[in-house]
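Here come two complexes built around chain A, the first alongside chain B, the second alongside chain C.
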Partner chain A sequence: MATAQRKRGFIPLTILFGAFLVFLYGPTLTIGILSFQGPNGGLTFPMNGVSIHWFKALFEEQRVGDFGGSLGRSLLLGLSVMVLNTAFALLAALGYRRVFKGASLIFYLSLISLILPSILISLGIGIMFDRLGLSPHWYTSAFGAHMTWTLPFGLLIMFAVFNRFDRVYEAAAADMGATDWQTFKYVILPLVLPGLIGVGLFSFTLSFDEFSRTIMTSGTFNTLPLEIFGMTTNVTTPVLYALGTFTTALSFLAILTSLLLIAANRHRQSRRADTP
Partner chain B sequence: MNTPVRTFRSYWQVAPLSLVLLCFLVFPILTIVIVSFWDFNAYQLLPDFTFDNYAFSLTSDVTLKAYLNTFFYAIATWLITLILGFTVAYYLAFHIESNLMRNLLFILCTIPFLTSNIIRMISWIPLLGRNGLVNGLLTGSGMVDQPVEWLLYSDFSVILAFVHLYTLFMVVPIFNAMTRIDKKLIEAAMDAGASTLQTIFLVIVPLCRSGIVIGTVFILTLVMGDFITVRLMSGGLSASVGVLIYNEISLLQYPAAAADAVILLITILIIFSILFRFVDIKKEL
Partner chain C sequence: MKKGAIELVCINKAYGNKEAIKDISLSIAAGHYCCLLGPSGCGKTTTLRIIAGHETPTDGDILLDNRNVTGLPPRKRGTALMFQNYALFPHLNCVDNTAFSLKISGVAKATRHAQAIEMLKLVNMESYTDALPDQLSGGQQQRVALARALINQPDVILLDEPLSALDPFLRGKMRVELKRIQQQLGITFVHVTHSQEEAFALSDQVVLMHDGVIEQQGTPKEIFQQPKTAFVAHFIGGHNVLEGQIHQNEFHTGSIRVKGLAQALSSSPRTNVPQQFSLRFDRIKAAPQPDEGLHTQPFTVDAVEYQGAVIQVQGHYQKGPELSVYVSDKAFFAHPFQPGQEIYLGWDAHDLNPLQPPVHS
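Take a look at the complex of A and B:
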């Protein structure tokens, strides 16, 4: 009876959900198609032939500013944020499994860091570096700015992971004489690995696409999102779309890699559980 | 278990987190508060203790208009994302029976969030522009004679972009709250004769109140602190508080920007202190 009634709204809701997905992906697909415009094509439909002209323009000529350099900086920044963020989030979450003084304070600071408008962080770090006589760089001030955004996310994800974590395994390892380090390496780490990969993925993509917190903190050299923002005001060719398609493809690659890693990990663990 | 040695270990484990927060959150915010009382001229900042920046900002029509704009964007975006996000979460949580399918659809909703916001904004241009796809369809089908001008570079496109960018922040916490609801409660409501709508509003909504509050906090902070979406999607035609601060930064009027930032901060803190009365974050993870 209950299922029969629940199914009643199923069809309209499915249509609505489908429309939501079209709404989410449609625009990105549109510029994906438009980035393959012919050399004489414009910013809107119709397609004026099909070519990879604009992708070539992205890599070969210097007409789009410092694309290669900003891409390199963003990748490097994203990867360093990913590594340190994952490590810091894991450490902090481990620390939070015990009661200690100041735990609430640091927790609430993390929440504030997450929900404070990005422009305040950007402005604050910008002025602070200015007053301290330090010049901002993408690998110092922008790095710190990104961490204030990715670290709370990482911490919350790790909290969620450890909340679902059964301490019986740890206790068993300790009973069997494992040292703290062995327990961590052979018991805790493999169990929280999928969560860690998730944190890594989040940190990388959030940093790679971060704009608001970077704008006052990146110094002389632009990161990729800043470069793209600059282009929106002065580029009127589909090269802008080619850049968008390229960046989105990179993000997709990162997401796919993480999902595959998580799936592979699960597969390996289930195989290990099957063998006696 | 809580021997002094182990407690000490907690301290060094949270040390990196604390250091990041101290250097890049606490100190910068303190800097903003201090500098907001400073004076400035065209060339430099002058350490001082003056309320001029606040007095100027609080009595200016520009600030007032920017705040009205910001609240309008925030409330409109909140309403739409709440209804849309709740419906999507409800569909995923209660209509999809298979776990695998549910996870798959959920990931499908999450992926766009992990791609560039600016690109996602730009991608509306070929759709909404004067010669865009939507106008092409409208004029082609004879529904309008002239291309519709308000599709792009208007309040409409700003709110559309906000909804496009941020609905996920509503979906995730509500979905998370819904998956914790004991299915027996819903069956009980049905058995007691509640209609589907009654079940939703009398059982499900109260039970995912915390998810709704967390989503609301995210939407409000993202919209109220935004400057890039408003700038890009309104074509520079309308200003929010974020745009105001951004413009002052561009003109190197840091104390003025800092004062506006402090006012924004206080506004947001007041709103959040009200919202957080309804929820205990620690229980939601």
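Take a look at the complex of A and C:
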């Protein structure tokens, strides 16, 4: 039915959607193109030759920024937040499967940090560290600030996962003599694993590009978003664009890796299913 | 001696104020196929779960082979429960699902897989060893669930509505299969169902439950031939329930009088006592004209339902009971009736089965 009658709004809505795509991806694409600017090129078009000069410059010591160091800090911070947050969310969701006193109070208290402006939380943590006479660091105060942001998301995802979890599997495991720990290890954990991977990825990305909760809490050394922000005000060469392209590519790489992992897992299962 | 004798002694189970099971005592002989039959909410599944150890009775004892297992967890009882929707682990293939309990008890991989494949052979699923549950049909999933339940060589298999998720054709096939496996292994099967057809087809012993008590138990034949109460007669189907009074040797229901009750009632006939009888649909004769042996009062036909081998005719007496009658297709099509038409019915007094008043008030 290739010639099926199209609805009247089809063409204007397609144009609108096209415009939206250009608005969404245009700037990223522009930055991507400009990051290959020749060594003598500037921040705007026209292109003055094509090179990877600015990518090389990225990894050399900058006059105005420490890109390598801040990337390392952000990666380490993101990974730590990912691990701790996944563990927290799993344990909390397991805890919430029973009714306990104060359950909803604790739930709402942990959700409040989603609603409060990030910058206030950042400021509050910064002031608290100051009052307590502690010096803020990216791996202490900023780590905590990031957790306030990722934990509610992790909780909500795991609640949804366990909402759909059929407890009959646990009863079946118990009927076959499994202890609580064996049930957790062989039944619950494999079944909620996709949800846990989701929480992990989410925690990492939320932490990796978190700006406002880091700005008052990171102490002496910058994380990557802070570094980039600093560079936007100082750097006047296309190295800035190279940085943008590089971090975008990094994000895509992370997504691609997780998709490949999921596909590989599916493949492994279906291959097992196919062999006679 | 066969293993797997079950004895329930005065079992009670209450959820808050609601009593799910009221003082049930029941014994199931080793190696028997027993069906717990009843409408939803009658306590049959709770009873099964109490035997399995997934529910703790509020009061009472459970004995398996004369061993009191009341406080024991499921695994220590020698029972295996097959869940209603089978509860196969979706992330494990058939072999790993079947071998799960062996893995739990630390059996080496090669050994447990070999045993699992043996079990899958028993249920004719050996060619699906590597399939995941969601790649299987309902009937296949059930076979795997059965293999998983059997692998620990339990003395008792407990099945919670095992056939209700299958389509009618498959249900009939799996019914035969369940019976075959039960007889082959000689172990006790306790099977919860709301289908009397299923219970009659499978059981050595039918336990009919209603409102948390056992309404009647016995062989399928005993239950169908002599339902004890009006509830049983209605539930198993194919029975009319007549209400009336006994006067000397006669039963009066409306304007209908049935003579010669003496043989039908074991106890001596009483007078002016309200009494209920059940009367099977297929034990009523129907004819378009009055005849000897038929009641003289006309019976008005309200509905005629074609059921294949028989035609179910529903109707009522002007002053008397509403009745359903099975007429064989041969007799019916020789003299078909229409709704609204008047016909004549008759039955023998000894086909009246006296009913007891309800078990509970």
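Remarks
Note that the second predicted complex is superposed on the first by the 241 of 276 C-alpha atoms of A that agree within 3 Å, B and C clash if a C-alpha of one lies under 4 Å from a C-alpha of the other, contacts with A are read in each partner's own complex, and residues count from 1 in each chain.
As a convention for this text, a contact is a pair of C-beta atoms (placed from the backbone, for glycine too) under 8 Å apart; a residue touches a chain by one contact, two chains touch by 3 or more.
Bear in mind that the values here come from a model prediction, so they are computed numbers and not experimental data.
In the superposition on chain A, A:A57 makes contact with neither chain B nor chain C.
Among chain B and chain C, the chain that touches a larger number of residues in chain A is B. Judged by the touch definition given at the top, the superposed model places A:L151 against chain B, while chain C stays out of reach. Of the two partner chains placed by the overlay, only chain B lies in contact with A:L123; chain C stays clear of it. Of the two partner chains, chain C is the only one that A:A178 touches; chain B does not reach it. Within the superposed three-chain model, A:I188 lies out of touch with both chain B and chain C [touch as defined at top].
In the superposition on chain A, A:Y169 makes contact with chain C only, while chain B stays out of contact range. After overlaying the two complexes on the shared chain, residue contacts for A:I112 are found with chain B alone; chain C is out of touch. Once chain A of one complex is fitted onto chain A of the other, the partner contacts of A:M82 are absent, as it touches neither chain B nor chain C.
Looking at the complex, you find that chain B touches chain A at residues 1-2, 6-7, 9-14, 16-18, 20-21, 23-29, 31-32, 35, 84, 87-88, 90-92, 94-95, 105, 107-109, 111-112, 114-120, 122-127, 129, 131-133, 136, 164, 167, 186-187, 190-191, 196, 217-218, 221-222, 224-228, 232, 242, 245-246, 249, 254, 257-258, 261, 264-265, 268, 272, 281-282, 285.
Contact residues on chain C toward chain A in their complex (touch as defined above): 52-54, 73-75, 80-81, 83, 85, 87, 89-91, 93, 100-101, 103-105, 127, 130-132, 135, 148, 152. Chain A contributes residues 1-2, 5-6, 8-10, 13-14, 16-17, 20-21, 23-28, 30-31, 34, 43-45, 84, 87-89, 91-92, 94-96, 98-100, 103, 106-107, 109-113, 115-121, 123-128, 130-131, 144-145, 147-148, 151, 155-156, 159-160, 163, 201-202, 205-206, 208-209, 211-212, 215-216, 225, 228-229, 232, 240-241, 243-244, 247-248, 251-252, 254-255, 259 to its touches with chain B in the complex. Note for the complex: chain A touches chain C at residues 166, 168-169, 171-179, 182, 186-187, 190-191, 269, 272-276.
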